[in-house]
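One structure, as structure tokens, below. Some questions next.
Chain lettering (A, B, C, D, E and F) follows the sequence in which the chains are written, and residue indices restart at 1 in each chain.
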Amino acid sequence: MKLVTAIIKPFKLDDVRESLSDIGVNGVTVTEVKGFGRQKGHTELYRGAEYVVDFLPKVKVEVAVDDSLVDAVTEAVISAASTGKIGDGKIFVSSLEEVVRIRTGETGVEAV
Amino acid sequence: MKLVTAIIKPFKLDDVRESLSDIGVNGVTVTEVKGFGRQKGHTELYRGAEYVVDFLPKVKVEVAVDDSLVDAVTEAVISAASTGKIGDGKIFVSSLEEVVRIRTGETGVEAV
Amino acid sequence: MKLVTAIIKPFKLDDVRESLSDIGVNGVTVTEVKGFGRQKGHTELYRGAEYVVDFLPKVKVEVAVDDSLVDAVTEAVISAASTGKIGDGKIFVSSLEEVVRIRTGETGVEAV
Amino acid sequence: MNEIYELQYALDTFYFLVCGALVMWMAAGFSMLEAGLVRSKNTTEILTKNVALFAVSCFMYLICGYAIMYDGGIGLMGIEAFDQAEVLAASEEAGFSGDSVYSSASDFFFQVVFVATAMSIVSGAVAERMKLWSFLAFAVVMTGVIYPLEGSWTWNGKDVFGLYNLGELGFSDFAGSGIVHMAGAAAALAGVLLLGARKGKYGPNGQVNAIPGANLPLATLGTFILWMGWFGFNGGSVLKLGDASNAHSVAMVFLNTNAAAAGGLIGALLLARIWFGKADLTMALNGALAGLVAITAEPSTPTALQASAIGLIGGVIVVCSIMGLEKLKIDDPVGAISVHGVVGLFGLLVVPLTNDASTFLGQIVGALTIFGWVFIASTVVWLVIKVVAGIRVSEEDEFNGVDIAECGMEAYPEFTNK
Amino acid sequence: MNEIYELQYALDTFYFLVCGALVMWMAAGFSMLEAGLVRSKNTTEILTKNVALFAVSCFMYLICGYAIMYDGGIGLMGIEAFDQAEVLAASEEAGFSGDSVYSSASDFFFQVVFVATAMSIVSGAVAERMKLWSFLAFAVVMTGVIYPLEGSWTWNGKDVFGLYNLGELGFSDFAGSGIVHMAGAAAALAGVLLLGARKGKYGPNGQVNAIPGANLPLATLGTFILWMGWFGFNGGSVLKLGDASNAHSVAMVFLNTNAAAAGGLIGALLLARIWFGKADLTMALNGALAGLVAITAEPSTPTALQASAIGLIGGVIVVCSIMGLEKLKIDDPVGAISVHGVVGLFGLLVVPLTNDASTFLGQIVGALTIFGWVFIASTVVWLVIKVVAGIRVSEEDEFNGVDIAECGMEAYPEFTNK
Amino acid sequence: MNEIYELQYALDTFYFLVCGALVMWMAAGFSMLEAGLVRSKNTTEILTKNVALFAVSCFMYLICGYAIMYDGGIGLMGIEAFDQAEVLAASEEAGFSGDSVYSSASDFFFQVVFVATAMSIVSGAVAERMKLWSFLAFAVVMTGVIYPLEGSWTWNGKDVFGLYNLGELGFSDFAGSGIVHMAGAAAALAGVLLLGARKGKYGPNGQVNAIPGANLPLATLGTFILWMGWFGFNGGSVLKLGDASNAHSVAMVFLNTNAAAAGGLIGALLLARIWFGKADLTMALNGALAGLVAITAEPSTPTALQASAIGLIGGVIVVCSIMGLEKLKIDDPVGAISVHGVVGLFGLLVVPLTNDASTFLGQIVGALTIFGWVFIASTVVWLVIKVVAGIRVSEEDEFNGVDIAECGMEAYPEFTNK
């Protein structure tokens, strides 16, 4: 099993979720994160003092899938999340040694 | 060292933490996440327009433990987090190459 | 590629980000988390009833880097995040099988 | 002289309207106080309860409550009529320094906002677990019948079920420590006893768990609104402004009302500091309200120092009462039963100290009558509603928050919660 | 008798000032209502719009609006002068029960806050997408010219462009259901049609997406503030307090205003419950406001039951209107066009039922005149601004929220959003 | 004629009470403004400070402040007494158009809320780092002695320490730009200088860091509340309503107060737009308050245009002052020293332009006297408290927020913070 983690722009979340559904992924876990990268933050102002908000809101999408699906998932994320503008984000793939469904105790592919 | 990551129902957090303490786990890191899976979201209403809140609040619990403890931790989480109803969540186990305690620089089992 | 994950005290975030920049790391992803460990929580009071806030606010910093940079990153985090007081946090290093930049499709070291 | 009477009539009418508008404003105060002291998942519902109970109170009192309490017409029939000759004759009879002559419409307006106040007290105590529509059903009966009947025995001087007369026994309740506040608290207590505590409020070993309110600035704002509105509540209850003596009386009432609120806040804040080691804001707010409730039974006769002391004691009492009710596992999220009930009783009992026209006996009988009637009648009504429609939301709805279940809508839909 | 006239002058002046202060307070009500019903990323901007439009309204009406509407001096020149002999002569002429004689400064104060009310209605409807400075430019023209001209035809009895006279046709609008509320809604509608809907409000297949307001306690507070302020709005519009008959009239206005608000809330809440299955708080709030708007055209002649009914129908209409406008893809985040426009029209049309001095013809012509003038004039002004400076923020700014783009500042900078 | 005097007495008393209630309401305004402009971790504490300082002010002024300022009885002894014959005699002597005769209780009520206003100014400036109980200890001395003494020299006409008389020098401060606002700011400045800036406010290289307030809707609400309350503050300071000339004066004061606030808001908003490139809401709010402070020293003599201009200049000054104080590293989270101090001084200095009864010399000496006395006395008191109990919270408590440390309670316990 693999864990595919994508850091994407928040407003792309619905698109990504849908395109994952389309390829048969039934579950994802989503976290609000803040990203720092090549894309620059913006400046805010408060009573005459400027300050830079460096960190940009991003969303982290995690999907545990069978090894065979990794490429499809990666593709799906890229096609749905890409805007071509800086800051579109990253995908990380890592290996999971075990996956368990808490409710049933099922493991492996059965569990996701 | 392994990292055990559990996605659970929020109101089970205290139970899980306690049952982990019981088996000697002294530290955990918790993140608010939103989950999408077989469990369906609910419908809200605003001025006559319905909308579905797809993502359900979940809690992600991460525990770094020695390899020997992985099964015990998995067991503990399952027993504490399970309600038998859909949406109870998942456990992912992955491998950590290194663990460091920032304060002391200790590594490995010493560090957790 | 490796993923270096550091759990640190929130007010050390800016220092850590700067010291990472200094060694050439251009991107990080940050998550608000709550930690439970040796450092104790504090007590709040509400209308005469005390309650313990167990979980302390922490920040999780994730950096994907080339294998060669792992030690430098670890060093940088330790030096920036350490206060010497309990609760300074942990660093976890794990392996990434693939890294993709969504915008360009670049992979590996090119992608970060 | 007729012009002078007309000016007096106009001034007194205006005085009632201004005071009434201030009391109406208290509805916003209760809303904000309660919205601040519940959890965010129950906030939309408590707001809905508060706006709806205000509307229901106004409607029911207009339909039949005022008629029951003051023998007026059903639906205020005829209140719009104005007869100058009648007004002048009444003024002549009363004399310039006699009873007040003013528009009956202003009288209704001033009275109706009192009913809403009584009802607002209930919503806070039963918050976070009572069904919205069951609550509103209760509001219909409370404001249409239970309160008006009790009001007719006190402010309208009728015999209690034809048996005895409170005024003759020396009962006196200037602006309603008992008639409004304790009455509201009695209805609330009946509801709370039937409802039970919020899930998780009391632990298995008798421990009391804190369930912090989600938005303390709102609670503070609510308290300030109530404090301000109370000037209308007590100040208007002099019932006449238009001669020098009564004007001075109104001024003393304002002064004493303010002094008592300040005293109550100080009393509660200091006691909380000593007892808990921290400056508990919510107790301070309850203390100010307790000071206000305590002085409400008689704000015109105490000196400024006496008013301060009465308020201060009220503030001390309310902290003790809140802690005591917790021990008894009577779960009142906003402290309404303590503030309005326990301190309301205290307010009634100190009246004879400064007002010779009242007696301890009268106060005790009056308090028992009001509490007994409202508590028993409310219990019956709550029970009927419980049987017919249920009064408590399901465990799941309580866990998820009543906002989604009852209103379908979150109060702070964008903010992430811990 | 001179002293009596002076007292009457003082009382009537004070009455205007108190009522004016209450209407000024409505500005806070609109701010809170709108701040509660927009998303958090657009909150600073809507607050800025609201405080700034109030200031602009006060300034422009002072400079030229009042002069246009009531033939006064530019910049209120001379309003500070006081001549006792003149006052007494005027009082003598009017007689004790005749027209009101009071300070012209108090008159201006009472009038100026009405302008701000009309303008506040616009800000809500165009929220979350209109440029701040374009909005304020519109406010300059609306409060300096468009509203005053229309006001001169109605409350000042001038001929409409020298063509016909609304008063002669039997048009009557007591406190401004049409003159203030529908006028504001007409300007809002013109703006909304040119602006278009918020991005994401309407889906590709005609589906209506919910965009929930971020802070419902604020919206509720705003409604309570408006409810309270409305006593000044309608109550002050009797224009005289200082004799018994007028005092009674003021009292009836307070009573009816409250009854209509309560009726509106109940009507909207029940309809929403039946229609959507849930107790929709935002509809209940709109219902209360609808009740208030509905009674505003004539709060002095209905009986209490009639006022309740007028309010209740207003509450029902507003829910239907909001749903209807959604169908038409007219995107009004706070429901201002429905509450003030549609129900304002309804308010005008029911006047003849209780007030014989008005006619249906007069009401219809009046409504068409007000709506036509304000809508057309506003469209022209919006168009000019659109060409010169643009009226809609960029898509990116809309997505990120106008707060950062226009004000550089978040409303809740510390709170994490979903 | 006696009835006329009684009506006049009643009307004037009522006028004081209504204005006093509006000023009391300003306490809520300061609370909300300050609660909106601090960080969420310091919100419970600033709320506690605000409610507690109001109570302390009321209590101390009742105990000894009023006696010191106006030679009354300690603890208001005897204020409750009413003697009709005395009232009538006094009215006769004053004459219908002469000095106002009204209830002394209403006078106290109106005065006491001014003290609280002065004290509220302090809490904002020292926010986020001062110990709660040290602050309250200062409040005891400030409201019990420092302010009353200064008030006795100005509004009560006593010689300054027996040396010179401000009235004789031509000092005039209608409603307290100097006596209340600048006095509060002087005490605040003394506190801020001893306290130092909040940690992190100023960077090592002289850079100024922004520390955004957590809840701008609250800050806006607070400003609207203050704006409304100010009608009582200035309007009541005419001290008499009950004849035509004074009634007109009160009306002019309302008009000018509103015009100045509007002017101040516009001035500050435009300047901020030009200077910073953005429509800075917090500056606009400060601008409105600056306009109000500027006009407070003399709202009755300017024309409407003059009042607008005075307000506008006040709004410009406040932005410059805030930026200037930042340069000097005087850290004032809410801008209280600029709004009430700098603009208060400006308000004093423009009085002679419209009011011939005042002189520049008098204004300057008066300003120096008030500022000198309050600043020096406050410094001494702050120093004593600093030595005895400390005035600043520990670095750790400041970092974690004073809410937990002082009140044990979070203001928004459920919401996740960035």
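Just so we're on the same page, a contact is a pair of C-beta atoms (placed from the backbone, for glycine too) under 8 Å apart; a residue touches a chain by one contact, two chains touch by 3 or more.
The model shown is predicted, which means the values in this text are computed figures rather than measured ones.
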Any chain that touches chain E and chain C: A, B, D, F
Chain-contact steps, minimal, separating chain F from chain B: 2
Rounded Å distance, chain A centre to chain E centre (Cα mean): 47
Gap in Å, rounded to a whole number, between the CA centres of chain F and chain A: 53
For chain E, residues that touch 2 or more chains besides their own: 4, 7, 11, 18, 212-213, 215, 221, 276-278, 280, 282, 408-410, 412-413, 415-416, 418
Chain B: positions in contact with at least two other chains: 31-32, 44-46, 94-95
Inter-chain touch pairs (all): A-B, A-C, A-E, A-F, B-C, B-D, B-E, C-D, C-F, D-E, D-F, E-F
List of chain C residues in touch with chain B within their complex: 2, 6-8, 31-38, 54-55, 58, 60, 74, 77-78, 81-95
Of all residues in chain F, those that touch chain C in their complex: 399-400, 404, 408-410, 413, 416, 418
Residues on chain B engaged by chain E in the complex (per definition of touch): 44-51
Chain F to chain D touching residues, read off their complex: 3-7, 9-11, 13-14, 16-18, 20-21, 24-25, 27-28, 31-32, 35-36, 43-45, 47-48, 50-52, 54-56, 58-59, 62, 75-77, 79-80, 82, 84, 87-88, 102-106, 108-109, 112, 132-133, 215, 218, 221, 406-416
Chain A-touching residues of chain C, taken from the complex the two chains share: 3, 17, 26-32, 64, 94-103, 105, 111-112
